[in-house]
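Everything below concerns the one structure shown next.
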Amino acid sequence: MVLCTASLEDRVPDHRVGRGGWLTAEYQMAPGSTGRRSARESARGRVQGRTQEIQRLIGRSLRAALPLNHLPEVTLTIDCEVLQADGGTRTASITGGWVALALAVETLRAQGRWTAPTRLRGISAVSAGVVDGEPRVDLPYAEDVRADVDGNFVRADCGGWIEVQATAEDGVLPRYHLDALLALSGGALDHIWALQQQALGPAWCARWLTGDAG
Amino acid sequence: MVLCTASLEDRVPDHRVGRGGWLTAEYQMAPGSTGRRSARESARGRVQGRTQEIQRLIGRSLRAALPLNHLPEVTLTIDCEVLQADGGTRTASITGGWVALALAVETLRAQGRWTAPTRLRGISAVSAGVVDGEPRVDLPYAEDVRADVDGNFVRADCGGWIEVQATAEDGVLPRYHLDALLALSGGALDHIWALQQQALGPAWCARWLTGDAG
Amino acid sequence: MVLCTASLEDRVPDHRVGRGGWLTAEYQMAPGSTGRRSARESARGRVQGRTQEIQRLIGRSLRAALPLNHLPEVTLTIDCEVLQADGGTRTASITGGWVALALAVETLRAQGRWTAPTRLRGISAVSAGVVDGEPRVDLPYAEDVRADVDGNFVRADCGGWIEVQATAEDGVLPRYHLDALLALSGGALDHIWALQQQALGPAWCARWLTGDAG
Amino acid sequence: MVLCTASLEDRVPDHRVGRGGWLTAEYQMAPGSTGRRSARESARGRVQGRTQEIQRLIGRSLRAALPLNHLPEVTLTIDCEVLQADGGTRTASITGGWVALALAVETLRAQGRWTAPTRLRGISAVSAGVVDGEPRVDLPYAEDVRADVDGNFVRADCGGWIEVQATAEDGVLPRYHLDALLALSGGALDHIWALQQQALGPAWCARWLTGDAG
Amino acid sequence: MVLCTASLEDRVPDHRVGRGGWLTAEYQMAPGSTGRRSARESARGRVQGRTQEIQRLIGRSLRAALPLNHLPEVTLTIDCEVLQADGGTRTASITGGWVALALAVETLRAQGRWTAPTRLRGISAVSAGVVDGEPRVDLPYAEDVRADVDGNFVRADCGGWIEVQATAEDGVLPRYHLDALLALSGGALDHIWALQQQALGPAWCARWLTGDAG
Amino acid sequence: MVLCTASLEDRVPDHRVGRGGWLTAEYQMAPGSTGRRSARESARGRVQGRTQEIQRLIGRSLRAALPLNHLPEVTLTIDCEVLQADGGTRTASITGGWVALALAVETLRAQGRWTAPTRLRGISAVSAGVVDGEPRVDLPYAEDVRADVDGNFVRADCGGWIEVQATAEDGVLPRYHLDALLALSGGALDHIWALQQQALGPAWCARWLTGDAG
């Protein structure tokens, strides 16, 4: 269970001034979200490497949804608070973060500030891995820790990949397993993309299809 | 809306070794919980003064619920994640944190580790203030920012106070206003204490009254 | 023994630009001020929760002395260095910090920059608590650590309260003890306020009474 | 130009006690390694997200070289100092770090502490991307910044993948481009693996083939 | 004006375990000690380079007073709080810190834990510099900022140097100026050493001369 | 072995605005540069006292090479990366850093921005100490750790001293040893200065002598 919010701020980081908008993401696991309490990062005084890696992935994936150069000078911040964790929280954050982003874009449209020539690109993500020699998608935590291969697959609504990541945790990843993970993820992402559209409702989808919703 | 969890760890901080258990609290506002996004404390690398002040108040208030010296050497951590904020989040955290604590004590009892001679003390909290010269309880954010006096009142189930805090934000706090705030808070806390018991359910309450639930 | 200084800087924090002046306070215990040396906060790289809580209380209390909106865009910083500690250092800091503030206001007046329609409000503070069932004021450290109730009382020269704080450390705080603490503190604060005026000298007091000293 | 060193310490992090050895990696760009000086991370007081992401990738990739559970309780730290940067520094660090690791394993063997039933797995890495619609390997910085797709490919000596990462920076990554990047990287990695063996010299290679060099 | 305290703790840092005692020093300027308020280091979250350099010099100089290897496993911490600054605070800290140290050694003797075969070595320090071409000692701040050469001279009671430091701030330091600074400092240090003995009193001095005071 | 680079940035720190250029130095030991790996400072989140002390010495010494007030508003940053350490790294950094600085000044000249009326002052540095009662220069690490006296000597090409630092690590430093260290360092510095000129080449030296190379 991941709470995703989008916030809009009327300024951009230095490296984007004069070049359009920006999108950034932050991710945090609530200390009580896991079976064994994890220390709060603010109390440690530093953001862990795992968190940094994850929020960079979320930001990169969601920036692919937007023609940043055609946006006004705003920063969209997608916050992903993991309230209950059971595997695949980074891909759930991308999937849920995109829904929050779609709603934020509505605000920009309503304000007449979305002048991009294209619509918002749909982005969905899923985790996948090889457990006991068998490729699977959306691994729960118990399977994830003993997976031989662990991956994250992010796809656009057109079917093209945004990010493909697969890591051999134990042994190596042969080509046929990579192909299987890509195929399995593809099927799961069709389903997830349908759920994202359902969450936004038929009116939003209709507007989106006709180019009126981002 | 505040998500409160209790976690149990089988060790205590250095200053409690050999002296029983310990309870500590952490509080955090999700960046998206307020109208205008607030920076994440882990990203800043330090916990703000306001947060520190609040988590010290929550910890102090909930430690009053427990005979720490009769507990085994465990640390109970109460995490309060503010998901949506509209005034009074620190007192809501105490109130909700106490419910999480009551549930955690059940675990200790079930493990035969709660050997305290007394039952868990009930703790409830409410904010109160003076707005436009009129004393009120549970101020929403819009009233809180323009209040002349701002206060937090924490009470035990026996009716004795655990913490009384009142600050004149503008002008001074005359004695009759302090008396009015204490009276108003007392009424509100009767109601809040009833809601806390309701949340735990009649079975828990029955066990608690007969000394079997902490 | 607390060394209090006031410093004046010709700028305000962002949230005060265009809205007048600002006052902030910092508090620090010298590592050698206590029986057992405490670690220096700069060496730890972070300000502890207790320090944050205290400097927020000092700042809040001393801001009540000033009509901030009528000040020029200056920041007054009150630094409180605890050189020897024996209980009640936070209220001693408020009391001494106010004297430093009164002297700083003289500088503003001399520069013709104090144009507030009212004079500086007198602020005094005292600690109080219940020890062995008996309410007392200005507890030394040895009594403070075994007090059942611990409190801080900040009052304006007109007799209205600025901050009332009382915490039950052991057991609860019944209403009659709160009343006793308020009464006892009131008496002690009459004496402290006389000492503060004495520290500033009769000439300052005469100017202050006629509205010429802040 | 990346300076890679391996250091051996006779202890492991807490999560590995009783479970064998551990390998970790650190990566740092010297401030003067790029055309425009970058701030030193120690001066900022925090390790950037990019650095964290990179050192996690290096560590993960090189851990795949070793049967950690069969090692004694030692920590191998691979330090990668980027002295001159021109694209692909993370994959160069993996490639060079592996050579440092192979030399460190010699020390463990010489001390009779390498009792693993298998030999050290060879690990090589290369960056690849799509520039102007054309898949390429080992992009220099000038091409990297304008690439549509950016990827990192890590492979074991047996030909199985250790990590496959591809990100669409602009547009999407169609399947045929992913296939092309995998094919191109494979060819480049054959060459890189030969260079790594050459760096270690024929004597090491002979010992390695017969199972006497890790 | 520098407040110097010595604290004794019954443990030593890791690198001294089994090798005797240790001495360390900390130095801090109170924010209000200078004409223009300086930011508090705990608030910045880091100790500045200047402070680090100074506390290393104080620690190094005072460690020369003690036969550390003959001490029990205690750490002596010398804290130097600069309350009012007007040039030469680092050498004043060494001079005053030595007096605090001498008093702390009395405690060790009284406890029968000072078993060193030699007495405490006397340590005195003075600043010196070249202003307008003229060598001088103990420069006030106004002269210090425009000095061509700035130096710190630390000497033992036997007349041997503990630390000689001279820096050309503007131009170079010719040999004859270095000789002049050494000569001038020597004279000033005779006087300072007399003041240190005077501060400890004739009884202490008598005991020290006969080897009974450290 | 120390890698020294100079970087030029078109802005100065606040305290130099309107007053010419600035030069600052940073120093870092690569974790693998010593026999036993040292922790990376960026990972610790703070720069150690020793590093701060060293980079202040390097900066101070190299600022003496330049008429900062006659430079344009640029900041020259000298980065010194210690790749292999064996004693005297701080003086090697000054010596090598000066060569990097000389090359950077060429860039300023080529851009017509070096309008200083004097040429770049030559700066050389060497470590020296007393080992087993015998004064020596350029101590390797093994001698440095058992030296009775440890010093750093920085000299200008005219023969005047820029910095003289000598510390008694064990016992005291008698005047005749200081004299011996100054004499020995002087001889070594003649040789080092020749090597620095050789590194820059005869063409540079010729231009420098005639005032055309800084």
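A, B, C, D, E and F are the chain letters, set down in written order, and residue numbers restart from 1 in every chain.
We adopt the following convention: a contact is a pair of C-beta atoms (placed from the backbone, for glycine too) under 8 Å apart; a residue touches a chain by one contact, two chains touch by 3 or more.
Here the structure is a predicted model, which is why all the values come from computation and not from measurement.
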Just tell me the minimum hop count from chain A to chain E, counting one hop per pair of touching chains. 3
Chain whose average C-alpha position is farthest from chain B's own: F
Relative to chain C, which chain's C-alpha centre is the most remote? D
Chain centre separation in whole Å, for chain F relative to chain C (CA means): 50
For chain C paired with chain D, centre-to-centre distance based on mean C-alpha positions, whole Å: 58
Using mean C-alpha positions as chain centres, tell me how far chain D is from chain F in Å, no decimals. 35
Distance from the mean Cα position of chain D to that of chain A, given in whole angstrom: 27
Mind pulling the chain B residues that touch 2 or more other chains? 45-47
Testing understanding: with touching defined as stated, what is the shape of the graph linking the protein chains, line, ring, star, complete or other? ring
Under the touch definition up top, go round the ring from chain E by way of chain F and list the chains. E, F, D, A, B, C
Could you please specify the touching residues of chain A with respect to chain B in the complex? 3, 5-7, 9, 26, 28, 30-32, 36-37, 40-47, 51, 77, 79, 81, 83
In the complex, go through chain C and note every residue touching chain B. 46-50, 52-53, 55-56, 60, 64, 156, 158, 160-168, 171-175, 178, 182
